[in-house]
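Structures are listed in the sections that come next.
Each of the next two complexes has subunit A plus one more chain, namely subunit B in the first and subunit C in the second.
Our next item is the complex of A and B:
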């Protein structure tokens, strides 16, 4: 199981250019644009699902997250660089919502791979230096059958659509494998085509790295140290911190339910 | 378009594979890589599932198809691979370390899906003839020997009729070693819309289940 180590922060829109300049100077790397579509599904509430499996182990209901990149040709812009981010001040992403709403139903040759992941609640503990969250992931490369779409398959699995959002932003690949993301999020409200800005007037900052194995303590300790170092370097300017782990709990039926 | 068929001979003995090897050997151009498969059957543990809904889900992993895993439930199938794509990892979608989907079924989704059976073929042989690629393996489950499985693949872009003719040659060989009772499947999961790996997995499920 992959462990993701991360730290988060937020900035307002006015600070964007300075942050880009700071991280560019600090890392000597250039910012690159990225965009993804997210669909979070949850177990069908009409189904009676036990909290234990056949071996009597506790297995709680967990949401499933599907993610797919949004190709740059789908972005409604002339500017394919980090500068696009300064122009995304509206309630919607610069992407056709019709296209976004069609992704989960798409089938056949046009289907691109999906990442399907299930996340644990981040590890508990008072002295945590970074947010540590375990994730198990499969990459779905194609779909088949008479009902050939990722949405139909999820329904067969026992899952129904939950909520959708789009993430668009810019990221740096720092040394030591750290990815530094500065992004905006928009919630999509289904077929109506309505969208709303989650990160209105600001940007979400996430610095993270993935360790392939939870048992690889050396890499986890090293990654933690590298994130701590980044936190120290940016200390006077940006406070990278650990979010409330309950807000990142993807289990169903806990306090975080919407 | 590649065409495939899967044959399962339940009435075989563990040595039938040797007989098949002998009768096929005059046609073999090359013996290629060893291969393995594992078919897992899962049953839904949802208590109030509508009676019309199918309760069974299959996952099939094939070593000779880049270790990809096909998961089939009712009329829907997905293929999960061993690798992520650059587009996914560079857009923050994937950690870059994906696992086969049956790992998720047996861990995080084991409250909904319970594994019932595992049917395996290990270290089967791959024969290349002038017409076909034939993979043969003895099949085992937890209760022991189950039979002999043949996966037949045609990589030439031939018509369905020509493929049938080539498969008929294999069937003639089987009948020469007195094997006439077996299951054969070459269906497409969604008739008229072939999706290679999903169709192949569907054929495995149809003959083994």
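Our next item is the complex of A and C:
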């Protein structure tokens, strides 16, 4: 299972330019624009799923995350650079909501591939240096059936639509494989076309690194060291920290849920 | 063992020796400085042989500490030059010469070890001075020349240094022409409060991403 090592932080809008300049100067890399649409689906509550399996082991239901990148031609902007991020102060993303709402129902040859992923709750432990989270990810290139769409595909899997959001920002591909992401999030409120800013007046910072195997302790330790090094380098300017693991729990009906 | 007092006639081990003439103060001062210097030199060597180098600023700090210690050693040696030059060490009769012959030869050794001899020879060769000829005037003038070159280089560096502004947002040229916002001129990188503010918590955003709810508003976006 892929292990994602990560550290998080937040900044206000006024600090964006300085942060971009800082990371560019530190890494010698340039920022890359990215945008994606995310849909999180819940397990269908109508199915009576046993809480324990035949071996008396606990069965935990997890939300599933679908992600599709948004092509740049759909962005309502004149310039395709990180500078776009400084102009995204409104309640909605610079993307047509009709387009976003059509994504889940679109079918046929023109459909772009979806990334389907399941995220485990990050590992517990007091002395953790980074947030370690197991991820299972797969790519859905096409769906079959009479009324083919990603929605029907999810229904077949036993999932019902949940909530959706758009993530837009800029990222740096640092050395050692670390991705340094500065992004904004908007929640989409269904067919009404209403949107609201989740990261109002600020940006979410995520520095992460993926290790292909959980058993590859050497790579995990090395990745942890690289992230620690980045944290040390940015110390006194940006405090990269480990978030509360409960906030990254995608399990349904669990403890702090509902 | 190292003492300048004349040896007593009796070779009795219980005999009290007169240590009063041992230049203990000088030797101890030099010993301490040498210990410091060897410690920092071996630390630098260890750091340099590591797989990933330490940060440049810590290396530079170490180097400057080592240089300070080196100059302090040199000045101490200079200070006790006269005392040390007329000090002759010799073993006391009570010293177990047979058992510790190796130690004794090391301690009594006056000749430099081959490596040291080599670099001293190298340095002399490179200086291009003829020490054999004992032309002291020539050597003196060479040293003077060297000193004046150093002074000139130092002057040059100081002058170049003053040409630039190492703090604030403006160049020295801009500062001398009085361009720019005077408020920004007092900006100092070390004490700047350019730290980003946090308009929301990471946890609240992650809760939304993973569970569809905002901790702050407590309203479910999910149906």
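Worth a mention:
Note that the second predicted complex is superposed on the first by the 251 of 258 C-alpha atoms of A that agree within 3 Å, B and C clash if a C-alpha of one lies under 4 Å from a C-alpha of the other, contacts with A are read in each partner's own complex, and residues count from 1 in each chain.
Assume a residue touches a chain if its C-beta (ideal position, glycine included) is under 8 Å from a C-beta of that chain, and two chains touch if they have at least 3 such contacts.
Quick caveat, the model's predicted, so the values are computed rather than measured.
Legend: residue contacts after superposition of the two complexes on their common chain; A:179 is shown touching subunit B, with no touch to subunit C. When the two complexes are overlaid on their common chain A, residue A:36 makes contact with subunit B while staying clear of subunit C. By the document's definition of touching, neither partner reaches A:219: not subunit B, not subunit C. When the two structures are aligned on the shared chain, A:101 is found in touch with neither subunit B nor subunit C. More residues of subunit A are touched by B (comparison of subunit B with subunit C). Of the two partner chains, subunit C is the only one touched by A:248; subunit B is not. When the two complexes are overlaid on their common chain A, residue A:146 makes contact with subunit B while staying clear of subunit C. Look at A:202: by the touch rule set out above, it reaches subunit C but stays clear of subunit B. Shared interface residues of subunit A (contacting subunit B in one complex, subunit C in the other): none. Of all residues in subunit A, those touching subunit B in their complex are 2, 4, 32, 34-36, 43, 46-55, 57, 59-62, 67-71, 108, 112-113, 115-118, 135-150, 152-153, 155-158, 167, 171, 179, 181, 210, 212. Here subunit C touches subunit A in the complex through residues 194-212, 214-215, 221-223, going by the rule given at the top.
Those residues of subunit B whose C-beta lies close enough to touch subunit A in the complex are 44-49, 57, 68, 70-81, 83-85, 87-88, 90-101, 103-104, 107-112, 114, 189-190, 193, 195, 197-199, 202.
Listed in rising order, the residues of subunit A touching subunit C in the complex are 8-15, 18-19, 38, 40, 42, 63, 119, 161-163, 165, 185, 187, 189-190, 198-202, 204, 236-238, 241, 243-244, 247-250, 257.
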